[in-house]
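So, here come the structures, one by one.
Two complexes are shown next, each including subunit A; its partner changes from subunit B in the first to subunit C in the second.
Let's turn to the complex of A and B:
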């Protein structure tokens, strides 16, 4: 319920601050329908020309497909690698579980500008720069910690009794994992999938260091476009990106509930 | 930063996958990626900061402190470092001021309204920094709505883009969600009944705020400020685009040295400097927390 104790001036202030917070994101929607040649707001005429320009821009389109493929592959590898790792760290409590958990989530503590440079220098010596493999590994460095964190938390909150019951009733360890543990982890896995995909799809700083002239992702292409000229093309891409993000969030919401995933 | 705790669960009485060999095999892929994508590159970066840069982008393996002494002997870099820190501090304070009322309001609201507002706060985080910076370019441009509105009031229109002002405005907005969420996390101790008690005992609203609300929310403020400062010092996209290449900060200089000038030892040294500033911010945070307790 809306709070009744808050005074009217305070409510007005909060509304203005919310407007400030959301202004740049909201703005790209009208901007994308601009009929102008250059970036100006409010536009003097309206049209769909920048959506048409986008459809005629092979560089943007190929960057989009690169990002999409990259996001799917990075997410798949992240899950395949993080699920067993989380299981070992949380359930088997091997020697130094805490140390391993901290080590594997440590890349999130480093700024991406430093991480990107560090990876650039190593990858330059092995010829990974400007290659798809190089970018996949670069993204995994930051998606894996997220995946591990989300899945380990889910696993830690699960009730052990079900697994123990399955074992007692004669279930083989792999069967128990596959038929009992994995289904119970589903909400965490969905959350990790969405998070990994969005992180990979949006990643720009590390990727900037790793892309080459022939291989580029959508955020990197957008960055270079904004850097070199100011036209409404980026607005039309942005609107499509926001719609894609909304779609991912809605899927998560339908599956397990948004508040359970992002708001804790 | 925040303390990390491993989510714990009691050991399965009959370890489901048994031997340590299996455990090691399951951990191998993540360890491998961690090693080649994180440990090795970061150690190599530290080593690189002691190498010598040759003209034309070459690097000579050696052990010299020249990059470090050169940094502090060059007035351009001394100014760049001081500028980075002061700009980041300004951004942190501005972010705190514009985020605090939202956080307080969110803390007081309940039910679906609160969920809705929380989604509004988080939604910018799901939007690329490039897109949000682009939005600010449109808003702050010389012929843009904000400059025109100021000019319409009869005030000499200021330049809001391609200068420090623009970078501060853009980054403040971009870091707001982090600040709001940190503040909310620290607002747990703020019970509305305490405020009511202060008010009913006759304290005017301003006094209630300064003497009751603010002291109780200091831990959240400290956490939010640490996070925003650290993110501001290392932010790259917004200063690069809104600064139009005319604003020189640590992160933009790291990129330029690495990609344009190809001076990797210098870029590595600047990166290590960013990490040292992180360490200092963390130490300051720990001290502030102890003082609050």
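Let's turn to the complex of A and C:
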């Protein structure tokens, strides 16, 4: 970014906007070090007791592992479906390509609450409620459109001539795909991976309908916790979540940054 | 179109060379529109043939059909004695150089060049040796470990050339390989490609919209328009004896005047009368290359080596200095004629409005019919 030409008032405006957007996130950090029983700002005393309480809370910890496993599995399936699907839609343009693409990305436009309700009604009759499989499928409904969109866009922007060159050099279609197409798609795949994982890890609305007493995800567990109690435990969980998200984003930035220098 | 001579098959192999690539009635239709219409062409072994034409004339489509990247609607593609019309691209054994270079961005220069050999399961030591040899041929050994993005356009194009040649393809296909390069580099690469093609004796098809490239590099020029062949011939043939007004005006600069042939070897253009070779009749268009014309002072008795000449009087309208040439625009009875002369230190007629006369030899006049 070049900011040499940005005027001082503009810089101030941007700073204020950033502060406005980030204020809630920043606020959570001091709250998590509170020594109080109840959430209040500013805290009157400081301690690490709520981080200790978190370590002693088996429900939160098991919910975290559920979310993590879920995120990984959902991301893996999303990519496994979206990469070939994007290839077929973008590269093998048939009559229905545009229709299929729009259909598969449509869930992005629907309110998640509507999706959640619809999934609840269907899963109730199939017996998927409160099961891990049920939550995986529910999450896939919202992660797949993201994955497909990002990967299809990446694929569409690739220089088709590279793949053609590979085939004139004797590369069979599958060889061309894994030696040339796939490596060139790497930045898009990394972005899709991060997006799918974060969407699944953060998802509350649909998950609320699908979790049960024995199986719950971290965001849902947090939600329930806040409903019943108002202690700063949620703040310490939030801080850990922010750190995790930041780590994922940084990995992506590094990788895509590197890949960009590769690609251009 | 009158005078259309499509020389192919036997005509192009009169020098006894074997036909290496033959297109028989090759056609590509996209719905209603015809990109390539029943193209017949024979390319002798070891020749460099240019497909020359404006954009949309079907030259690239033709090349891509030969490479197997586009499926022909009709017709056959034959290499040697094998019909490869429906053979998949990866089995065709053709080296294709793209306009956009199409190097693999995630591989080093050496890896790019090695790709085709790896696909052929060539043993590793031999791959190394041949990659080195190919990079040597294009003078890029020193850059083997670089990534394509670290190279200049000309270097990238040379890598693309090495990558296409290292597999020792049966035919080399070049799709406007020079049009992304700047003018000076283009001249260099032109000579380099021609030299390499000659030293390997490889059959090559070169697609271009640039007549200079086609005329200067190629053994044979195929002029195309609207998916059809306009003319096939040596560069000299195509330039000196264009088969159609399109070829005359597309290959080289030309003056065009419309008139009516009298059947006695003359053509009237408005109030003017011009002598032409032969005895054509009916509505015609005459064309004369600007550098075949000479500008003289009006009323001078200067002549062109005692030959039959045409002489039109007019006024100097514009003088353009383009370094090695002076271009004169002359208003001749309402029509504008461009005359080119070597610029002798910029000396020449300079005063606009001067009464002048344009001279040219009758035999330098090209005549084309204009339908009924």
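The criterion applied here is as follows: the second predicted complex is superposed on the first by the 237 of 264 C-alpha atoms of A that agree within 3 Å, B and C clash if a C-alpha of one lies under 4 Å from a C-alpha of the other, contacts with A are read in each partner's own complex, and residues count from 1 in each chain.
Here, contacts are C-beta pairs under 8 Å (C-beta built on N, C-alpha and C of every residue); 3 or more make two chains touch, one makes a residue touch a chain.
Predicted model, so just to flag it, every value in this text is computed and none were measured.
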item	value
First (subunit B), second (subunit C), both or neither touched by A:213	neither
Which of subunit B and subunit C A:9 touches, first, second, both or neither	neither
First, second, both or neither for A:58, with subunit B first and subunit C second	neither
First, second, both or neither for A:183, with subunit B first and subunit C second	second
First (subunit B), second (subunit C), both or neither touched by A:164	both
First, second, both or neither for A:102, with subunit B first and subunit C second	first
Which superposed partner A:88 touches (first subunit B, second subunit C, both, neither)	first
Which superposed partner A:175 touches (first subunit B, second subunit C, both, neither)	second
Partner chain in contact with A:113 - subunit B first, subunit C second, else both or neither	first
When both partners are placed on the shared chain, which of subunit B and subunit C touches more of subunit A	B
Doubly contacted residues of subunit A, that is, touched by subunit B and again by subunit C	164, 167, 173, 176, 262-263
Touch list for subunit B against partner subunit A, complex	1, 4, 6-18, 20, 23, 26-27, 29-31, 33-34, 36-38, 40-42, 44-45, 48, 98-99, 101-102, 105, 108-111, 113, 115, 117-124, 126-139, 141, 143-145, 173, 176-177, 192, 205, 230, 233-234, 236-237, 240-241, 251, 254-255, 258-259, 264, 267-268, 271, 274-275, 278
Contact footprint of subunit B on subunit A as seen in their complex	1-3, 5-7, 10-11, 13-14, 17-18, 20-25, 27-28, 31, 39-42, 80-82, 84-85, 87-94, 97-98, 100-107, 109-115, 117-122, 137-138, 140-141, 144, 148, 152-153, 155-158, 160, 163-164, 167, 173-174, 176-177, 198, 202, 204-205, 208-209, 219, 222-223, 226-227, 230, 234-235, 238, 241-242, 245, 249, 258-259, 262-263
Complex contact set, residues of subunit C against subunit A	67-69, 88-96, 98, 100, 102-106, 115-116, 119-120, 147, 149, 160, 163-164, 167, 173
Residues of subunit A that touch subunit C when the two form their complex	159, 161-162, 164-173, 175-176, 179-180, 183-184, 186, 261-264
